[in-house]
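Shared chain: chain A. Partners: chain B in the first complex, chain C in the second.
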Partner chain A sequence: MTAAAEPRVVRRETSPVLAFLGRRLLGGLVALFVASILIFAALNVLPGDPASVILGRNATPQAEAVLTKRMQLDRPAAARYADWLGGFLHGDLGLSAVSLAQGQHETVWHQISGPLKNSAILAAIAALFMIPLSIGLGVIGPIYSGKAVDHAISILSLGAIALPEFVTGSLLIGVFFVGLDWLPPVAIVPPGANPLDNPSELVLPVLTLLFASLAAGVRMVRAGMTEVLQTEYVQTARLNGVAERRVLWRYALRNALAPSVQVLAQNLQWLIGGIIITESVFAYPGIGTALVNAVQNRDVTVVQSVAMLIAVVYVLLNLLADLVVMLLVPKLREPA
Partner chain B sequence: MTDRSDDQPNGPDLLDGRFSRGGLLKGAAALGIGMSPLLAAACGGGASASSPVSTSAGAPKRGGQLKLGFVSGGTAETVDPFIGVTPIDEGRIQNLYDPLVIVNPDLTTSPGLALEWNPNSDGTVYEVKLRDGVVFHNGKSFGADDVIYSIQQMAKPANFGSYPFVSGIDVANMKAINKHLVRIPLKTPDGDLAANFTYYNTWIVPARQTDYKSPIGTGPFAFESFTPGQQSVFKRNPNYWVDGKPYVDSLKITSITDPTARLNALVAGQIDGLAQLPFQEAKAHQASGDINVLVAPSPQAMMFYMDTQKAPFSDNRVRQAFRLIADRPALIESAISGFGTVGNDTVGKGLPYYDESLPQRVQDIDKAKSLLKAAGQENLTVEFQTSEIFPGFVESATLFAQQAKAAGVTVKLKQEPANSYYNPSLLYLKMAFAETQWPMLSLKYFYLQALSSNAPYNETHFKSAAFSDALAKAIGALDKTQAQNYWNQVQQIQYDTGGYLQWVNADWVDAVSKNVQGLKPHAAGALGNYLFMNAWLT
Partner chain C sequence: MSDALRFLRTPSGAIGGGIVLFVVLVAALGPYLAPHDPTAPVGIPLTGSSSHAWLGTDFLGRDVLSRVLNGGRSVIGYAAAATVLAYLVGMAIGLIAGYTRSMVDPVLMRTVDVMLAFPPLLFLLVLIAGAGTSITVLIIGVAAIQAPAISRIVRTATLEVSTRGYVEAGIARGERAFAVVGREVLPNILAPVLVDAGLRFTYSILIIASVNFLGLGLQPPNSDWALMISENRTYIQLNAFSVLVPAAMIGLLTIGINLTGDAIARSLGRSYVPRTTRSVTS
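Moving on, here comes the complex of A and B:
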């Protein structure tokens, strides 16, 4: 038999990475679809006619009839849901319910794009510090296991986990504004301006976010690192005389990181939740403030779109984490 | 059921001697810790004495930007005068536009864009003479067309803020007699039409203005930019018809929802003034003196109300007994830190036609008990629906429940969610015993909306032919003495048989930094009634 006898078929088998990601993507899409139904149902189908909810004390029968027509609330809920989801998929978030009640035609996107950008900047800066700090502090602990540094990191991170953002924020204001008068207590970003134009106003919000999200990451990396340092291959490497630095960075850290990536992804999601509270403490004009305002104004279309966007970000972060884990752990890249 | 007094941290424990008092108070405020009334009193804050604010610091100075923080209205914030709802809307609208009639700090009125209101003999047609020489921000001169157009807008039922004020006007038949004279026919007689045109929902826009993305007005400041829920910037109107005003070059109004963040921004100098300072913070800062607390006595009414159609309140003896149970000074002292004067169940103290002759109602437990006994309601148990929607609501309800025990009445508190409390499809106008708050500009304003036969917000479901008759006559009377007589009848009926228990005329409590001059306490609204043309910076 010669090689020519066997037809040289290009194996069309999908790469395992793509197959894995495909599965995850599909799962994410299903999750988002379910989330969209829940969000829409919670805001539109539950008791309390949206028109009267939006108008509140001003819900005269005339005003209610006008708004019902403007919001097309006379159409069946299923049709309105299909319209909303279809629009969302095309990047059209629809019109703000409150602006409709006022006889205006303000789009939801126009209302939230500015705050969304502000929040993205705040979250990005926090993440920029959070990821290397989580890894750095998490690795240092086990290396100096039982020493003062390790204890200090453990105690601080335990304390930080116990404090919710509004307490951390108030404490930081107490120290850096009331006590030392170094930093402004409120981050007033004019509409359309870049938050980075006034970096001193961003320091306390970023610190608040870091405190709350950093601790869990540090503890997770520390746990992973401790475990890996006790494995046989690390012991063997040490006994073989491999330099300690190489043992730590080349053997231990890489294996300790894989589980930590998932945790870091969760931390980023936690950070998004924390942003809503942090923005309120510092009056920062981001998506959290926009969401709180929309809830208070009962602007159902804004609330459902923001909730959906947050769900999308969650799913994307999970996908990203899966991808990073794949790259870190070679085993996952091979076909089953 | 909550006991709000337990939520307060124990103030005196904080005094461990390591902090100066001023520093401590600043710290307490910045950390969002409410002070107990006890500590505030210990620190020397007077009961409701208004602090010496904005005393003259020489002649007004021109220039600078006045930066103010208000409670956010979210993206519903608007500069359309006919649909404005929240104080931040009021603050903006009162600086972009002008009223036909100006309300003075003592609640008397002066001519605004309208100089004279001349009714015919039976008060069914008015000729209104307008001010000459006023120009809009775009240079167009102000005249009769603008007034007619504005009233037409106000009369649209969808414009819920303005509609009640002009519902008696025959809108289709208004006429411009000349550039500065308008003829306004009415559907029902009105003895004082001018009183309908003070509230900011009735201020004047130029004819044919439909777009409120970049609106025009005649006000002291002209529109520059506005992002609802975030910030607006207005610039000085150099052609304003009041000489020399405004003093500052521009006005920046920022939405800051969180009360602690708002106060922090003021203390840090990021803003120069704020509306709606929480009562306990006001006490603390009056004592520390680091900022100027503006306290304006006002007829703003905070009330309990009883549905006169629902048992047990359908029996007037029960309603009267409840009015006698309330220890009003104690309610004011503990629920709103003393920032108000006692109410007498007939709203509008200090306003024209308010009946000062009615005796002040005071607590009388014995009489309340005998009334309840006569009504067969000894050992009565009632549910009291309250909400955190306004500061002082839950606190006053809690204290009233305690006071009622002395008369053998068990008051069960039920705390309702803020966003359904004023929602007619959920709770509003369906509660038998609850709380409410009304800003107060004229007796007519309140009675038309809350107690007339077709009142949209008839909280007490009060129905009486004699009352409706007296109210129509009071509104229609042209002669002031006659009008006063009818208004006295109206108030006597409410005093004797109404469903409102008004325990306080609440003050406006706001704050400005030390460098802001010229803003004076004003009974009609917060922050010197938003008259920022009077403010200058040192």
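Moving on, here comes the complex of A and C:
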């Protein structure tokens, strides 16, 4: 160490990791803010009068007047937006518009807290399988490059990535319920019950979710691994007699994973998109089913809060990915 | 074989191309071949295969085969409409941003960033909740999801091309911007744009079919593969064809397009790089 030799360029006070994450956090917050405006505008400004939309066929001038008053629709849109966003930031999601139309006062949170928990369980199980499997399968391919295993994995993942969840789900039901009668075709969870009480019901939904997101993950890890295996440091390591296992796991995988983490985060995001469809296929009472029902009933307050919650999870996943990448690639931790 | 069709010589290109051709033919010619009216009951609901109805009947007693033969047009047609609309808008914005390097540029980049922070399906559902359930809303929504990313690709390609000599020559000749863009820029950015268009078309099929499946797009009694799966899935045990055949058709179409796209990308000499990746440090 020749630290005393000569004073180096003055070190910046903030660590580059924090600065980077701070920039990303700021970007995420801006995106969420814009998203909140778009969501609110689409639901409240676009069609004209929300009261008549929510009431639908039951709309009479009196009913509309009552609902307008209850939802405070006579106030300017900007003020209502500010109220909603302020409430959202404090964890107050407001009242369900449809329940207001029926003269009740059910909170949005009451409607979605159960489904939110169910969806979290489903997504967590899927993610638990997805991450190790996509890394494992993605690494195997390039190691056996050109062999049957490699071809099988790449053809299967190319096919799987193209299938929409509702097709995968229907085909799985066709095989495992109609054909083999091994697994139930629906995953109905009574209100208040735990989805894990009946694990066989969760198998097909998890498989459906895994199928598409896993394929995308495998392809990315595979691409990263192929590239890294051709670099000079891997060849140098091999020429130096480093054991092949060590070359693969310590040298290659670590560097191949960095770009893949971004994609894995993206896959987790796709999982969220996929969960909306998958839950509908299996009638699973999660946040996706709740959202689709709310869209059908034009329950604008439920839709806007659920949409915002999902957007927040999306941005958080991105941040998490950035953090993991920082930890994997030391180069990024140095000042630019 | 001409250069453009070189991809058909690879196995995945030949298989993929064959599958796509088959599904497109079914969708295009199916309505003329259908033995029954796709919206009229022809027998007892949910019977299995018979000589009268080869694939059995659906939950309202309609002929599944006739509905499958009629159900492809909407799947392919609406996706094509959404993709074309997305391209018209995205191309225009991208060309303007890339060619003029004006204020449009930073606005465009930020818009794409915001779009990436939001699940596309969620965007559509919010739009449908606000504007109502209709196929017009669906097509406009799907186009709106894709237009920003398209304009970004077109912009990058335009930026690159517009520094070339032939563009500068056009400008020097005193041609108007419209003519330069149309005659010099556009033909030279077409190749990368076409590969991208194939991928976006698949994506349009996937997302429109998904929304139709959720019952938030096309409404009954339309015959549409996604809608058929959604209507009949409760009764899958009684007549599995009513669900599995339309599911297989959609699956074949999207897998076929993906195989073909992959083969085309390879034959153009680029390794497959998923276009959704973003760099770590950007």
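Following the convention adopted for this analysis, the second predicted complex is superposed on the first by the 323 of 336 C-alpha atoms of A that agree within 3 Å, B and C clash if a C-alpha of one lies under 4 Å from a C-alpha of the other, contacts with A are read in each partner's own complex, and residues count from 1 in each chain.
Definition applied: a contact is a pair of C-beta atoms (placed from the backbone, for glycine too) under 8 Å apart; a residue touches a chain by one contact, two chains touch by 3 or more.
As the structure is a prediction and not an experimental result, all values here were calculated from the model.
Student: On chain A, do chain B and chain C fit together or clash when superposed?
Tutor: Clash - chain B and chain C, as placed by superposing on chain A, overlap.
Student: Quick check on the superposed pair: does A:102 touch chain B, chain C, both, or neither? Answer first, second, both or neither.
Tutor: Touch partner of A:102: chain B, not chain C.
Student: Go through the superposed model and pick first if A:63 touches only chain B, second if only chain C, both, or neither.
Tutor: first
Student: Considering only touches as defined above, state whether A:32 meets chain B (first), chain C (second), both or neither.
Tutor: Second partner only, chain C.
Student: Pick one for A:294: touches chain B only (first), chain C only (second), both, or neither.
Tutor: both
Student: With both structures superposed, pick whichever of chain B and chain C touches the larger number of chain A residues.
Tutor: Touching more of chain A: C.
Student: Of the two partner chains, chain B (first) and chain C (second), which one does A:194 touch, if any: first, second, both, or neither?
Tutor: neither
Student: Check whether A:184 is in contact with chain B, with chain C, with both or with neither, and answer first, second, both or neither.
Tutor: First partner only.
Student: Is A:272 touching the first partner chain B, the second partner chain C, both, or neither of them?
Tutor: second
Student: For A:162, is the partner it touches chain B (first), chain C (second), both, or none of the two (neither)?
Tutor: Once the two structures are laid over each other on A, A:162 reaches chain C alone.
Student: Looking at 62-70, 152-160, 170-178 or 260-268, which bit of chain C clashes with chain B?
Tutor: Only 62-70 shows clashing C-alpha atoms.
Student: Which chain A residues contact chain B in one complex and chain C in the other?
Tutor: Residues 53, 170-171, 173-174, 177-178, 185, 280-281, 292, 294, 296, 298 of chain A touch both chain B and chain C.
Student: Quick one: in the complex, what on chain B touches chain A?
Tutor: 23, 26-27, 30-32, 72-76, 78, 80, 83, 85, 157-158, 160-161, 212, 225, 227-231, 254-258, 260-262, 264-265, 267-268, 270-271, 419-420, 422-426, 428, 456-457
Student: Enumerate the contact residues on chain A facing chain C in the complex.
Tutor: Interface residues on chain A, with respect to chain C: 27-28, 30-32, 34-35, 38-39, 42-44, 46-47, 53, 155, 158-159, 161-167, 170-171, 173-174, 177-178, 185, 216, 219-220, 223, 258-259, 262-263, 266, 269, 272-273, 276-277, 280-281, 291-292, 294-296, 298, 300, 303-304, 307, 310-311, 314-315, 318, 322, 325, 329, 332.
Student: Could you please specify the touching residues of chain C with respect to chain A in the complex?
Tutor: 12, 113-114, 116-122, 125-133, 202, 206, 209-210, 213-216, 226, 229-230, 233, 236-237, 240, 243-244, 247-248, 250-251, 254-255, 257-259, 262, 271-274, 276-278, 280-281
Student: If we count contacts the way the header does, which residues on chain A are in touch with chain B in the complex?
Tutor: Residues 48-49, 52-53, 56-60, 62-63, 66, 96, 98-99, 101-104, 106, 111, 114, 170-171, 173-174, 177-179, 184-186, 188, 190-192, 280-283, 285, 289-290, 292-294, 296-299, 302.
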